[in-house]
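Chain lettering (A, B, C, D, E and F) follows the sequence in which the chains are written, and residue indices restart at 1 in each chain.
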Amino acid sequence: MRPSGRKTDEMRAVSIETGITRHAEGSCLIRVGDTHVICTATVDEKVPPFLRNSGLGWVTAEYGMLPRATTTRMRREAAAGKQGGRTVEIQRLIGRSLRAGVDRVALGERQITVDCDVIQADGGTRCASITGGWVALRLAVDKLMKAGAVTVDPLEIPVSAVSCGIYAGQPVLDLDYPEDSEAGVDGNFVMAGDRLIEVQMSAEGATFSRGEMDALLDLAVTGSAALSAAQLAATGR
Amino acid sequence: MRPSGRKTDEMRAVSIETGITRHAEGSCLIRVGDTHVICTATVDEKVPPFLRNSGLGWVTAEYGMLPRATTTRMRREAAAGKQGGRTVEIQRLIGRSLRAGVDRVALGERQITVDCDVIQADGGTRCASITGGWVALRLAVDKLMKAGAVTVDPLEIPVSAVSCGIYAGQPVLDLDYPEDSEAGVDGNFVMAGDRLIEVQMSAEGATFSRGEMDALLDLAVTGSAALSAAQLAATGR
Amino acid sequence: MRPSGRKTDEMRAVSIETGITRHAEGSCLIRVGDTHVICTATVDEKVPPFLRNSGLGWVTAEYGMLPRATTTRMRREAAAGKQGGRTVEIQRLIGRSLRAGVDRVALGERQITVDCDVIQADGGTRCASITGGWVALRLAVDKLMKAGAVTVDPLEIPVSAVSCGIYAGQPVLDLDYPEDSEAGVDGNFVMAGDRLIEVQMSAEGATFSRGEMDALLDLAVTGSAALSAAQLAATGR
Amino acid sequence: MRPSGRKTDEMRAVSIETGITRHAEGSCLIRVGDTHVICTATVDEKVPPFLRNSGLGWVTAEYGMLPRATTTRMRREAAAGKQGGRTVEIQRLIGRSLRAGVDRVALGERQITVDCDVIQADGGTRCASITGGWVALRLAVDKLMKAGAVTVDPLEIPVSAVSCGIYAGQPVLDLDYPEDSEAGVDGNFVMAGDRLIEVQMSAEGATFSRGEMDALLDLAVTGSAALSAAQLAATGR
Amino acid sequence: MRPSGRKTDEMRAVSIETGITRHAEGSCLIRVGDTHVICTATVDEKVPPFLRNSGLGWVTAEYGMLPRATTTRMRREAAAGKQGGRTVEIQRLIGRSLRAGVDRVALGERQITVDCDVIQADGGTRCASITGGWVALRLAVDKLMKAGAVTVDPLEIPVSAVSCGIYAGQPVLDLDYPEDSEAGVDGNFVMAGDRLIEVQMSAEGATFSRGEMDALLDLAVTGSAALSAAQLAATGR
Amino acid sequence: MRPSGRKTDEMRAVSIETGITRHAEGSCLIRVGDTHVICTATVDEKVPPFLRNSGLGWVTAEYGMLPRATTTRMRREAAAGKQGGRTVEIQRLIGRSLRAGVDRVALGERQITVDCDVIQADGGTRCASITGGWVALRLAVDKLMKAGAVTVDPLEIPVSAVSCGIYAGQPVLDLDYPEDSEAGVDGNFVMAGDRLIEVQMSAEGATFSRGEMDALLDLAVTGSAALSAAQLAATGR
């Protein structure tokens, strides 16, 4: 029995509200259950030094949490003077995941920075960030295409992510915080359609079999399809 | 003529939505025109070392901006490795302002941390943070009183803040960003009822007379009354 | 009764000794009672990036305290690895205040950095820094004019600053440390002649009326006139 | 054809030299081809604060590279003033991986810190660090058991890691640097016997199918068995 | 011929003004020619953790330079966010040197921190800091003895320091900045009477013979005697 | 009697293994008894800004210790976020020492960075770093000469370093850790043939006479000759 009463293959309610800030080229507020993340995409006509005159674009990401997004207040990273290891790991994952779904030649020599800031956390913030981050990216690219700066669409199909884990002996889809803190084995699955982009499975103080891994992958495929549909709906496709 | 078409003594629309996050003891999203700030209040039963065994409470504040709250993206302070001078100055102001309206004996030996995070900026973010921060503080104190942890109300009347400045030769109330970036003289006025808590007037590359200062103070009194009413309404008083 | 026996509108003794270091383009040691600050002005023919090719000059300031300028030793900020919030706030104030009295076109595209280092503190260090900083700036500009690098004088009238507060129920001029640590309400007033540049009034755990604010402003006008006279005398005008 | 001439399922030569430093409780120099890593294990009778009085032990890891372990010199992280994102990500992975193979009750309330310092890099440094780190850990635990401080062996079977990827369209085992820098899809597989501990598959600018993932997992199982044999031999089992 | 016209064994004029700040337990302004350093000594009844309950005292030192103590302005270390290598090296030398002249049992379990802040630099700032630092230390100890907190004098004979070098082929005493910047070989000699405490000779891009080293040591003995006399006179002995 | 049973003028066994890493232009592992240091030299065709277009080369050094090179684990400096004072002092010494033996005109406008990383420490790590660092430098220069990039040999005779101290009342050569931690007086002597480059003698809580200094210098001459022979043998001269 899941704490939320959900079925093992049931995702939390997903909503994606777009255009939530005036300034960003693309933005959304994604809600996956009680996990709420603001995602914005900023277009910059300059690329990092290693790409100058390459003709290739770049997509990068940054991640943060409001101090009281969590049950107890966390120290503000700006005040602590550095981003923690978890933050660094997550924002590198978001960047890699989104880049995998981009045709960097079609994007042209410009950079898009996706910022994901968690307003409220209930497990799965990195997955919600990837899913919402793609929506912000999509909207920023739409704007570039409308303006004629980009002519071939550099984004094919949505990139989304979901976490699955073994909770109380059962493979379950889309872990919330009570499940996540109990699961010995869990994984984050980043997908584009039926293709995989990133699989991160780990076992805190435990191990898992290939069979268990396959069961979680099966769930991830289900979740990813639902998320992609929400992403397409939110971006008017 | 103001860029927004407002009259010289007309504030922007103010809305305060409370209870916007599950975890914080008090929270709100304050919107003053296009300036949107999430404010949360966290109660901690431990005070800073200099107050241990004093019987006195403490209120402190932290301030941040999402990177794309502004027209162009600003570097994330956590990534830069430190809070900028402007941030430090603002969060010290918020803390002092809120403390001025608190009976620290009645609060008892505990600390409340108010976090103000700007989601979207259009001028006056520090003032909106103080006004919304008081609401979050009020709700957290209400919770403490309801639980019996605090018996005498440590908050009397709302603390609010508004900026005024001389724009195109005219004293105007509640500067938005286009006005703020043009105004040679402006000020932030923190008030509790008809009493002043903090006055910060400055002239970037200019000077001002006592008469001009008085005109801005007159406007601030008007604005403060409107904000207090909104604060009381939002907190059900 | 003031601890020092001064009358309510009586400043401490002010002395300004110029040319106290061989290397700086302008320098002085300002003593306001037992508050002693070394101020130096450094001319740099390069401006910050945001002003390149603008034809405009820039004036900026930095502030520091020797570790044992105070009653108990404070941690050295260089050892702590960052400037504290109070330091950042003060040096921003000094820079803004001095810039307000400079014709940046006449100064030409160069930067002057004013360093204010407190040797001994007894209240009012930021005000003494502004007053002494202007003297150092004046001397550095004199040198530029003598060398023919600047032809129109970019400094009109002295910029000075004084603190006033309500001590033991009485508005008093030029707070020393024993008064400052007791005063619930105090303010720093930066003036150029009878014009205001910056007003910072605050109430630590208290509030104040407009009448009280006016009383402090009246005192500030008196103090500012005395400081300007000392500044002009020190710079041979 | 692989640049090294290896077969697709052929690992590089592995050697593990133990006892390479006098001071550490456990140590080895692991060489996987031209990737050389010094691993040491330090026993500390104190656990981190969150485990005090829990009766549980802890294993953590830190990772570094000598500046000239790589083809071109990298900036020393101590001089840069912080550990880079890649370093943080890797040392968190090493710590999690080793912990998964430890019975923390049997270890008792003490901490073992495993330091992995790369002397020479040619791809696969994180995997070599995990494999060598387990050897250092094993030796440190042996010492604790010999001294009677630990009575039930907290380590069951070796934890090892290997990277696999799709190079020139072929799934290959144990990527070296020339392969790693070309492979669009690769993964790190941490295993204990036939059980998985961590799977990290990613695609830089590409995607992969479940079939490809299975092929890499098959290779990983082969590699892991070879590494475990080397670990057992090195530790005299 | 020395730039200053001094003889090869002639020191610059030395003056030591004591009691220059109200707050410190001991203080002086030492002037060695145009090198001016403010030295203060702070007594703290707490020792560093490694000395708790040892019965032994500790003396430590910190060193700084005002940004415009030098010909061109140096970046403020507090703003740079760390103390430079030269600063760290110098303050460690000052601390070691002063400790060598202290009977730490007689001092008792307390710490004295000596701060040396260079107001104006013209070569030899570390030597002037040691010489002046001892005076501040002496005065602070006198105060402790007068108060009865220390009964056996922990300071025997003055610790002083002087630099010597080979300038234009000649061994010369007490290098000023023009000499120091030209000298290929120079040394800092810390002495207590005719005993040595620290000798630091170095050759920037050159080497030296034992004969040259002896010649510099002979000069240092002369200089040290003169400095000791000044130290004793300044402290009323 | 020395703890190791060595005679007072007996060095520890010295071995220098060259070419220990594939990537660096020059490298060695130097072992002086139980002190083991990896030294690498990296050639960079760019010089620091202050030398651009000067025609002069530069040699600089960095120093580090693996966390468990010592009896108890030291905190990793990269994790602590800065290099400690001791590290900074040592790497500055290594750089100055090596530069003293280089003809910077002959080297030409390029920089060589020598990295010294201590794998195992038993006293004298800075001396071993200088001695081994010169070997790495020699090999890198040989490579430049072989390639025709440098035509006149910029290195004449080896630069080496040894520590001597007064242990149990006796002057002894080449202190190991048990001696070093007991010696009240010790020194590091950097030499090139019979010429001195750097002498650093210090007394922790003690003083020394010129006679004692001379005795240590005599020992250093002996040690330096042995080290030079080892350096020449290792580099095939």
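Heads up, the rule we're going with is that a residue touches a chain if its C-beta (ideal position, glycine included) is under 8 Å from a C-beta of that chain, and two chains touch if they have at least 3 such contacts.
Source: prediction; values computed, not measured.
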Labels of chains that are neighbours to chain D and to chain E: F
Reference chain E; chain at largest CA-centroid distance: A
Taking each chain's C-alpha mean as its centre, the one farthest from chain D: C
Computed distance of Cα centres, chain E from chain B, in Å: 50
Computed distance of Cα centres, chain E from chain A, in Å: 59
Chain centre separation in whole Å, for chain B relative to chain A (CA means): 33
Distance from chain D to chain A - Cα centre to Cα centre, in angstrom: 28
For chain C, residues that touch 2 or more chains besides their own: 81-82
Chain order around the ring, beginning at chain D and proceeding next to chain F: D, F, E, C, B, A
In the complex, chain B residues that touch chain C: 82, 85-86, 88-89, 91-92, 96, 99-102, 104, 187, 192, 194-210, 213, 217
Residues of chain D touching chain F in the complex: 21-24, 27, 34, 38, 40, 42, 44, 62, 64, 66-71, 73, 76-83, 87, 113, 115, 117, 119-120, 122
